[in-house]
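Here come two complexes built around subunit A, the first alongside subunit B, the second alongside subunit C.
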Partner chain A sequence: MAAVIDASIDEAKLAEPAGSKRGRPRWLTAYLYILPALVIMLAVTYWPILFQVYMSFTDYGLRNLRFDAPGANFVGIENYINLITNQVAQIANFNFWGMLAFNLFWTFSNVIFHITIGILIAVLLNAKGLWFRGVYRAIFILPIVIPTLVVATVWKNMFDTDFGAINQALAGIGGIFGISPDNFHIRWIDQVDPPISWLPLPLSYFALLITNIWLGWPFMTIIATGALQSISKEYYEAASIDGASGRQQFFNITLPLLRPAMIPAAMYGMIVTFNLFNLIYMVSGGGPLRQTEILVTTAFRLVNENRLYGLAAAFGIYTMIILLVLTLLTNRITKATESYV
Partner chain B sequence: MSRQLAQGALPIARPRGFSLAGVRDRATRGQTGLGRQLMMQAILIFISFTVLFPLLWVISMSLDPRNISRPTELTLIPPGASLQAYFDVLAKPTSNPVTLPQLVFNSFLLGAGVSIASLGLGVAAAYAFSRFRFPARAALMIAIVAVLMVPSVAALAPLFVLLNKITIDMGDFNFNLRNSLLGVGLALTSGALPFAIWNLKGYIDTIPKELEEAALLDGCNSTQTFLRIMLPLATPALAVTAFLGFLTGWTEFVISWQFLTNPENFTLAMALWGMTGQYAANTPWSKFSAMAILVALPVSVVYLSLQRYIVGGLTVGGVKG
Partner chain C sequence: MKLKAIALLTIAMFVATACGGGTSGTTGGGAAAGSIKGNITLWHAYGTGSSEETALNGVIDTIKKANPDAKITVLQIPFDQVFNKFQTEAAAGGGPDLFTAPNDELGNEVRANLLLPLDDKLKGKLDKVAPLGVDGLKVNGKLYGVPMLFKAVALYYNKDKVPTPPKTTDELMTMVKAGKTIVQNQNGYHLFGWPQAFGGKLLDDSGKCIADQGGWADAMQYQLDLKKAGGKFETDGGRADTSFRQGQVDMIINGPWVLGDYKKDLGAKLGVAPMPTGPKGKAGPLTGVDGWYINNSAKNVDGAIALALAITDAVGQKAYADVAGDVPVRTDVTISDPLVKSFADASATGFARPQSAEFANYWGPFGDAVTKIIEGKSTPAAGIADACKAMNTANKK
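What follows is the complex of A and B.
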């Protein structure tokens, strides 16, 4: 009986956690706090999205832009159909499903590299008695703190065929082995033929991959380092007493105990990589032949270059739906694996 | 198997050094031997080199006095290194009639505006979501979290069209909202504000309620509790949210590139992309590099000082303090 009363007191406390004046009801106070943010979001977030739904059913174009222009024509679901059947005459080589497949492949391939390299380097940095640990940590944080805009523009120039640093560095390394520098005029961005004949990926994909690996692994290393440091040393002591080798300890203690920290990080990394506009737009420009184009860069081109606002609106809705599905799926996977350890 | 080891076998305490195998193992593995140490150093030096390579390249380029149109060799410190490229960028960053101070001012304005708007509006809303129970609370929170996933470029068309319809006419000030920094700032706030609410709510949730209850008992009303108890306690999260809002504006490219047509409104990000060039022969390599450093340096330094609050928090919903 006493426990029941205690519980009800606790509940009352929880329901009234912070202060309220006697006169004004608490829910009204809450709404007053939220109101300014809500008004702004209604104006600049929700209203545009609603308007986008309307636009997506019209042929909204340049001629409808002026404030006294006639309304756009209603075209039903034509925009949606045209996009998924690749009937976009204004863009050469438009391939919705191919682009979506590339976008997903781009995301997964990057995050796998980020996580693997990130964990390995974190383990290396965590080794007992390592010299210059602080120096390495300070260096490895740099890709995180530099704005991606700057990273993307710098790497774009580094991949330049004739004057870029990558080819020059490769020529320098090749020189040591007596290889002529003429072999290093690699056309990282424009080469159309896939470098691996059976893999339908252009060389620019690998250029983007290199750039994004440079950009992405330090984040995972930081997350993994935090998780590593919270693993009790007693686990390793007990395991070595039981005769477990270093490799066994890594796979049976370190990896399972890193999981709870790495899975949300992977999820975050996937959403970021899926939408990595600056890198793709600036380094490869989606080329060659739109082969490295992703959803967000196409969404930008439809507005910025093609001025097909109605079609772009429909494309934006598709992008939002795909992201929603991706988020829900990754959330589910996260939830399902949470109880693993 | 791994699960059994992690959960079952490990907590069992055994006398130290009970097993001979364990003793031998620790003797060889526990203290890092010199050979092993040197191998690790070699790997880490190589990794450091790959991380530093682009940075060294940009710095070296920016110090090159020749603004060479065709750089063909890698040098750490170019012959006759000077800060000439920085002065050139200061004097005339792009072919557009806009000065560097103007670019810096525009980017700063955008960053500060987005930061202040998202923080000011966001912290009040986050406090209410964290501390009050009210009708439609869950629905509103879901509505806010849902738009977090939407990149601004996916909603570019309606933002462009809607803001383009609004012309502000105040005597001397007569401008199209779309073609102004204010319009870009509004469009950016549409993404930064939900992020600020979500991020701050996550942090406020971790602050014990007892402190506010004590303040309440001492006679504070809810406004006083919010201003005097909550805000000071949330300082780390406020700093991080303000900085991330600033970063959004300072490095924004998509919306400014689409919206702005008057050079006097251009931002650093737009100028930097303009200098990257479509054709390598036209790229002013030294000026570009100096510009890249000027854009990156201020925000990178601040990020560096705040990163331990930022990085972990991004994945778990709310920065830690």
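What follows is the complex of A and C.
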């Protein structure tokens, strides 16, 4: 009986004029279905973006924030020019290009360490006959599950000049070699002078780097472990029969076969590290003298501390363009969307 | 027998607490019973567990008991977020009915039309408030808050190590050279008081920075000399506090908001004195006024004003002075604690915090100048000149 009804419905559909139901085009039905989602997207995504673009061409400030406030003054591309020519007097030492260069250097230097350490530890954990493999893997996952704010606070305390664990540990090691503990009051976060005279990076950069290495390698280890386990043992057996050493097997089998998994992970790590607000804000605060400030922490200061909404909007547009370029490059290298094109 | 003694002691403590007048739970605003009505949301930014929070909670508890028709909701906001959060929410028509904070952002908030002018509502109700307290909450001649406390930094000292505090900058230098230690917060706020002692002035009448015309560079040179003699500078306020509270340093310059906490650690050893006088006169720490501000979008304006007046009445301010060591703005509140009295003296000689748009651009350039100078990356004269130039550029002066 049901089959008969279904068949009659299908016949009715076929009998309708092409592309319409009771005269309504089929495309209209489709649009009606996506309309609720579209309305929400317009309200919470596209409208704020459009409003930000509008703000970036104005001197929007606190006085314009109230819902019944007068509109901001149109300033054309002044905000955009002021940013790239470093004409932001409210923030001392503002240097857009220097900050961008640091942001990129920060990103690449971190990800290189994450990947190298991540792969090495994954290979070690994959070794045959390793005891307590599961325990190690569980411990190594801890940095991922602990909230970044907690990690940042703990590490900041560890870098304390007088009471921090890092300086105390160094003093302990130094004591073995007869070096006075007074030499280990290292100002990890505050020291303005670079520790390496020819390298214009403050000590707080290295403190941040150490912290973020601790934070970032376990993710890469997880990815690499998964990829390692999918490599067929037959490759290694064949290589052994042909006389390949362990080193040759690593560089000619393991690394090339890890590549498809590690490149997307590296790109993801790059984007995350590029925007790593919590860690920098909590550990160094962008200091000393704004030398470890990155784009997202600066955007936060423009809004939260200086209330320069118009300027911050233009800054956000620049950041979006930079991230867009990075993402397009990522997409090109990883061919992540290739199968959908 | 032992249990009985403990039970009796406990009962005695309860009775003493109930009858006494100096603890948090029993002091409080003496609002006329039943004068506060409706739902009122209040924000504060006192630290969790701090003596100021304890004082406020005690005052609010008393007010709640006397005003059963009022439903008062208290929300704590972290201090570094309170202004931004209020401004964002109030602008959108939300936020609390009232909130308390120093007058740091008062000018900006008034210019953004976020606060309710209170001249008419408070007419005749602030007679007992010191004029400096009322003036501190005025912008362009209009009143925008109910004054509560004065806030200015002074010199804390450990009496065991510094029996007599330094009265002049020369005395302080001599002490430090002789081995006494002082720690200072390395920022534009805590060091603001020194330039006035060396004849420095930040702004002229038109709002133009004139710090580069003398005094400021001398004050910063003095800081460098102090550092060379053994004075410490900290960018982390918590670390500076800890070193003083643990007795590792003998003196620190800080505000009354930490008095209650310092007392817990140092007790009778704690002393407070105004910042030392310099060659050109008294030091001029930035004197702020903590007030209660009424949101322009408040849903219960009358309730919020009545609550603010209740918190800031003589009983409420006395509670703040006794529990938290804060300096009341009312002239009819007797300060019994000599340490709080010292802060009152420091506030009286301080530099009233300007509410101008120009002053808002002090913090970035001068905060940076302080770091550069103290860290030896810039000379005092060059650092101050650069900061002044940046401030004038930002202010289009």
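The definition used in the following text is that the second predicted complex is superposed on the first by the 296 of 341 C-alpha atoms of A that agree within 3 Å, B and C clash if a C-alpha of one lies under 4 Å from a C-alpha of the other, contacts with A are read in each partner's own complex, and residues count from 1 in each chain.
What we mean here is this: contacts are C-beta pairs under 8 Å (C-beta built on N, C-alpha and C of every residue); 3 or more make two chains touch, one makes a residue touch a chain.
Keep in mind that what you see is a predicted model, and the values were worked out from it rather than measured.
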Fit-or-clash call for subunit B and subunit C when the two complexes are aligned on subunit A: clash
Which of subunit B and subunit C A:V192 touches, first, second, both or neither: second
First, second, both or neither for A:L289, with subunit B first and subunit C second: second
Partner chain(s) touched by A:Y235 [first = subunit B, second = subunit C, both, neither]: first
Which of subunit B and subunit C A:P48 touches, first, second, both or neither: first
First, second, both or neither for A:L170, with subunit B first and subunit C second: neither
Partner chain in contact with A:L209 - subunit B first, subunit C second, else both or neither: neither
Winner by number of subunit A residues touched, once subunit B and subunit C are compared: B
Touching partner for A:G316 - first (subunit B), second (subunit C), both, neither: first
First (subunit B), second (subunit C), both or neither touched by A:P147: first
First, second, both or neither for A:V123, with subunit B first and subunit C second: neither
Doubly contacted subunit A residues - partners subunit C and subunit B: 64-65, 67, 160-162, 303-304
Residues of subunit A touching subunit C in the complex: 61-67, 69, 89-93, 160-162, 189-190, 192-193, 287-290, 303-304, 306-307
Interfacial residue positions of subunit A with respect to subunit B in the complex: 13, 15, 17-21, 26-27, 29-31, 33-34, 36-38, 40-41, 43-49, 51-52, 55, 60, 64-65, 67, 121, 124-125, 127-132, 136, 139-151, 153-158, 160-165, 168-169, 172, 214, 218-219, 222-223, 226, 234-235, 237-243, 245-246, 251-253, 255-257, 261, 264-265, 267-268, 271, 275, 277-278, 282, 295-296, 299-300, 302-304, 309-310, 312-313, 316, 319-320, 323-324, 327, 340-341
Of all residues in subunit C, those that touch subunit A in their complex: 84, 87-88, 90-93, 108-109, 111-114, 235-236, 239, 243, 296, 361, 364-365, 367-369, 371-372, 375-377, 387, 390-391, 393-394
Subunit A contact footprint on subunit B (complex, rising order): 1-3, 5-7, 9-10, 12-14, 16-19, 21-22, 25-26, 29-32, 37, 40-41, 43-44, 47-48, 50-55, 57-58, 70-74, 117, 120-122, 124-125, 127-129, 131-135, 137, 140, 143-144, 146-147, 149-151, 153-162, 164-165, 167, 186-187, 189-191, 193-194, 197, 209, 212-213, 215-216, 220-222, 224-226, 247, 250-251, 253-254, 257-258, 269, 272-273, 276, 280, 283, 285, 288-289, 292, 295-296, 299-300, 303-304, 307, 311-312, 314-316
